[in-house]
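Here is the structure we will look at.
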Amino acid sequence: MLNEKDIRIIEILMNDARTPYTRIADELGVTEAAIRKRVKNLEEKGIIKKYTIEVDHSKLGYGIVSQTGIDTEPDKFLEVANKLKDFDFVKSIHITSGDHMIMAEIWAKDGEELTEIISKKIGGLEGVRRICPAIVLERVK
Amino acid sequence: MLNEKDIRIIEILMNDARTPYTRIADELGVTEAAIRKRVKNLEEKGIIKKYTIEVDHSKLGYGIVSQTGIDTEPDKFLEVANKLKDFDFVKSIHITSGDHMIMAEIWAKDGEELTEIISKKIGGLEGVRRICPAIVLERVK
Amino acid sequence: MLNEKDIRIIEILMNDARTPYTRIADELGVTEAAIRKRVKNLEEKGIIKKYTIEVDHSKLGYGIVSQTGIDTEPDKFLEVANKLKDFDFVKSIHITSGDHMIMAEIWAKDGEELTEIISKKIGGLEGVRRICPAIVLERVK
Amino acid sequence: MLNEKDIRIIEILMNDARTPYTRIADELGVTEAAIRKRVKNLEEKGIIKKYTIEVDHSKLGYGIVSQTGIDTEPDKFLEVANKLKDFDFVKSIHITSGDHMIMAEIWAKDGEELTEIISKKIGGLEGVRRICPAIVLERVK
Amino acid sequence: MLNEKDIRIIEILMNDARTPYTRIADELGVTEAAIRKRVKNLEEKGIIKKYTIEVDHSKLGYGIVSQTGIDTEPDKFLEVANKLKDFDFVKSIHITSGDHMIMAEIWAKDGEELTEIISKKIGGLEGVRRICPAIVLERVK
Amino acid sequence: MLNEKDIRIIEILMNDARTPYTRIADELGVTEAAIRKRVKNLEEKGIIKKYTIEVDHSKLGYGIVSQTGIDTEPDKFLEVANKLKDFDFVKSIHITSGDHMIMAEIWAKDGEELTEIISKKIGGLEGVRRICPAIVLERVK
Amino acid sequence: MLNEKDIRIIEILMNDARTPYTRIADELGVTEAAIRKRVKNLEEKGIIKKYTIEVDHSKLGYGIVSQTGIDTEPDKFLEVANKLKDFDFVKSIHITSGDHMIMAEIWAKDGEELTEIISKKIGGLEGVRRICPAIVLERVK
Amino acid sequence: MLNEKDIRIIEILMNDARTPYTRIADELGVTEAAIRKRVKNLEEKGIIKKYTIEVDHSKLGYGIVSQTGIDTEPDKFLEVANKLKDFDFVKSIHITSGDHMIMAEIWAKDGEELTEIISKKIGGLEGVRRICPAIVLERVK
């Protein structure tokens, strides 16, 4: 199990993955080497899966972000979910117990591009039945 | 406007935010100093908003992740959305045009903790009308 | 009852309200005075309610058009519908037998402005229970 | 960008597209020629798309107006939307992110004609899955 | 228990309540007195509840018939259902296990009168939360 | 148009279709012959469509009455509605603008018979997509 | 962890909790004492929670079983769920992530009793907003 | 009909099917033989259908219990319901008048196994259209 130091390290890195180990070490009152070891351990156990960046989609020219529910024939949804992975405009895919088995985050330049993506790209995948885009108006957290 | 080099840098950093600039420089056929300058520019313009890590919630002891729709009295939803920000168990909050104005990602140890969070923590906020948790069964991308 | 000539006049004017009467007269094989008399009659009977223009909202700086369903306490919906009339951002209001008793077309600069309109302006009207925006992605006709 | 004079001209013309330029010129304190130039500019930029009339459908003998949601196979909805354009009884078509991808305004003489339109005309288009008519009870704005 | 003769009598009377007993007697091969006795028995047991007429609502000037779902606060629905009985425009009321606990058939002159009925009459009853009118387009049986 | 006397006659007959004309004549202060003439007129104009009886379904051995929504392929619903007419267990059929295009009242002995009717009889009609039974718990009016 | 013998014992007891240990012992090729010890262990660990009987509700005079969704004010649903426990007509209660936070199985004599239970008993609990009964037509397993 | 003693016996056995008859006899003030006779009678009439055990699914390694709505082609649902009976992971199946004709309780190790069950096992049955899992967060009664 994780102890409190590990959890604090994770919180710090989620907030800024570039925080120098020396500063984390100072805060936790341990050596930089101890931090390095703990982070390495978190990476090896797969608790830290990835270092990444968050970007501002509208400044990148994507005017519309859609949380898109996708309904499929029931025996096709894993297949569809896997095919969606290859589209660059699909930023994340979750299988959920909610109104739609597949929830995908899609970025598009504008309404017309989103219409194209839905009708031509996703709508064209075998087994897709219905596509329900919910437009993100604002991200609060 | 961004040129193709900037877009490639963003893709590389989204995939691994720790990629050394020298390696990016090699791939793009420019100097490390050029990469450093471009990244600085992307940060200053707010296109890169944050360096962060992705963690495996189940390995952290969170057995349940819920994409949670939250309905409120119509003049309270921004207020509720802002109060949700302070809860540690709320990992993201979107305002959408979909079935629920507020969509929040919530992490809980198990079904009982999620029940507690919904009834005591979120349910207790003034103006909250209905809470609809969709359990994430699997993350595909 | 309307005869065929009246109906053709209406079609022509719906398509271009500025079509010169002489041209309509030519097409229908009657005098310009006859057209003038018929149009006057259509106006007096209230069949032609208004001469207006259609504008391109995005070129006017409105990036988002929302077909907005508004649910109210049942004895308040006519009152709410009447108050909505005074908002400039509300372009049309229908009472329908569908999922929402009130359907209003709303124009906003972007997602944040729409969020403001929903939470502060419409959400603040007494008796409003729920607001369901459907974003217009494209107008086909 | 538009300045305040342009916006005022648009408002006046939306309210009555036949307002004489001399009266607009008076209100704005400029010459008639200046108004003419500005309107021409608004037309050329495509901001003013069309001069048209609003008619009273019930006085035209159409007893029923329906805001009709139309669901299609996902890769067929643009095709269906385009075919709907050719029907005279379809007065407008929007692609939206709401409960139905296609929303069409339909005019019919009575319930039986609407039933015919739905089952024979629209229901017969390839790819149409479900048709959900919401009857307009009253237009408020 | 009913025997076959009783069931046939009921069918005949449902189809035309004025069928002379002599004609029923002929069809069933019994005396008119036997029919009279059986009908009396069916009335006394409450199997035949009422003799009534079916009318053509549109010819009576009611342009709109609505199958109206009515949602109430859960402890008020029997009270609301009972109050609805007193309205002349309410032609039948069922308590169901479906989307709406109360389903009421309402007759109105036109859309505006239905709007009035919903907002002023039914909407004004204490405990009514939501009113969902489904317009009858055609009666097939 | 109908006058007040006609409307009162209709009300009396809806309440009890067997009310003797002499009694109606007394109430309205006219002769029996006048009533006879007016009723004949109401029948000829098709305002009175049918004389019928209301029966108690549970006393007839039908333990379950279901207001049944039936969804079909859009171009099949008139065909399906017409086929439903031939089933004895279907007591009425409406085409509506509500959640389901076809609403049919069905009588069954018990849950198992209703299950049979839905899966074997109605479910077997070509073009039927979905069947949504709402069980009538009580009839109030 | 459980081994295969434990799992087989559980299956046998779920099917018939009165199966003699000697017969289970024979099937598993162990002594009766070994079975007794294993069952005791399963009871002590809380894996076997209860020995109970399944009864035929209709033969007990309960004509209607309803899987009842209950919506409450969000901060009241645990309280409501706990109060429901005290009603004899409530046979089970689950908290779920589905359309309704509370799902309760209710037994009633007939539709009228269910109507009473919903409006007077459950509808009267503080915080209950909406009650959605789904009638069980048949139990297949 | 059952008398009060029978009903009390049923209650005692539902609570603990292993209660010795001597103890029941004491409580009811009758002989053990009388209890034995009554229980035998309840079994023979099919009122007591089965003696069984309730188990703790999470202690058995099933982390997820889902109340799963299953929609099928209307003429296939009895067939599908019957095929579901053969799956070990399906613990109960009801045919209901609610949102889904088939409601099945499913046990799975975790979200991934449930995803597999839905897409491969249930999704693969002929006639299955849509599968809507509602995750049980807690069992209250």
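Order of writing sets the labels: A, B, C, D, E, F, G and H. Residues in every chain begin at 1.
Just so it is clear, a contact is a pair of C-beta atoms (placed from the backbone, for glycine too) under 8 Å apart; a residue touches a chain by one contact, two chains touch by 3 or more.
Given the structure is predicted, the values throughout are model-derived calculations rather than measurements.
Q: Between chain B and chain C, how many steps is the shortest route if every step has to go to a touching chain?
A: Step count on the best path from chain B to chain C: 1.
Q: Return the chain pair with more inter-chain C-beta contacts, choosing between D-E and B-G.
A: Greater number of contacting C-beta pairs: B-G.
Q: Taking all residue numbers at the chain E/chain G interface, are over half used by both copies (same) or under half (different)?
A: The interface of chain E with chain G is built from mostly unshared positions.
Q: Taking B-C as the reference interface, which entry in E-G, G-H or F-G shares over half of its contact pairs by residue number?
A: Answer for B-C: the repeating interface is E-G.
Q: Measure off the straight-line distance from the CA centroid of chain E to the CA centroid of chain F, and report it in whole Å.
A: Centre-to-centre distance between chain E and chain F: 7 Å.
Q: Please report how many Å separate the Cα centroid of chain B from that of chain D, as a whole number.
A: About 39 Å separates the centre of chain B from that of chain D.
Q: For chain F, jot down the residues that touch at least 2 other chains.
A: 95, 97-98, 111, 115, 133-138
Q: List the residues on chain G that touch chain H in their complex, please.
A: It comes out as residues 1-2, 10, 13-18, 45-56, 59-61, 67, 69, 81-82, 84-85, 90-99, 103-104, 132-141.
Q: Can you check the complex and tell me which residues of chain C touch chain A?
A: Interface residues on the chain C side: 63, 111-112, 114-115, 133, 135-138.
Q: Provide the residue numbers of chain H that touch chain F in the complex, in ascending order.
A: Answer in residue numbers: 71, 73-78, 95, 97, 101.
Q: Okay, in this complex, where on chain B does chain G touch?
A: Its residues touching chain G are 66, 111, 115, 118-120, 122-124, 128-131, 133-135.
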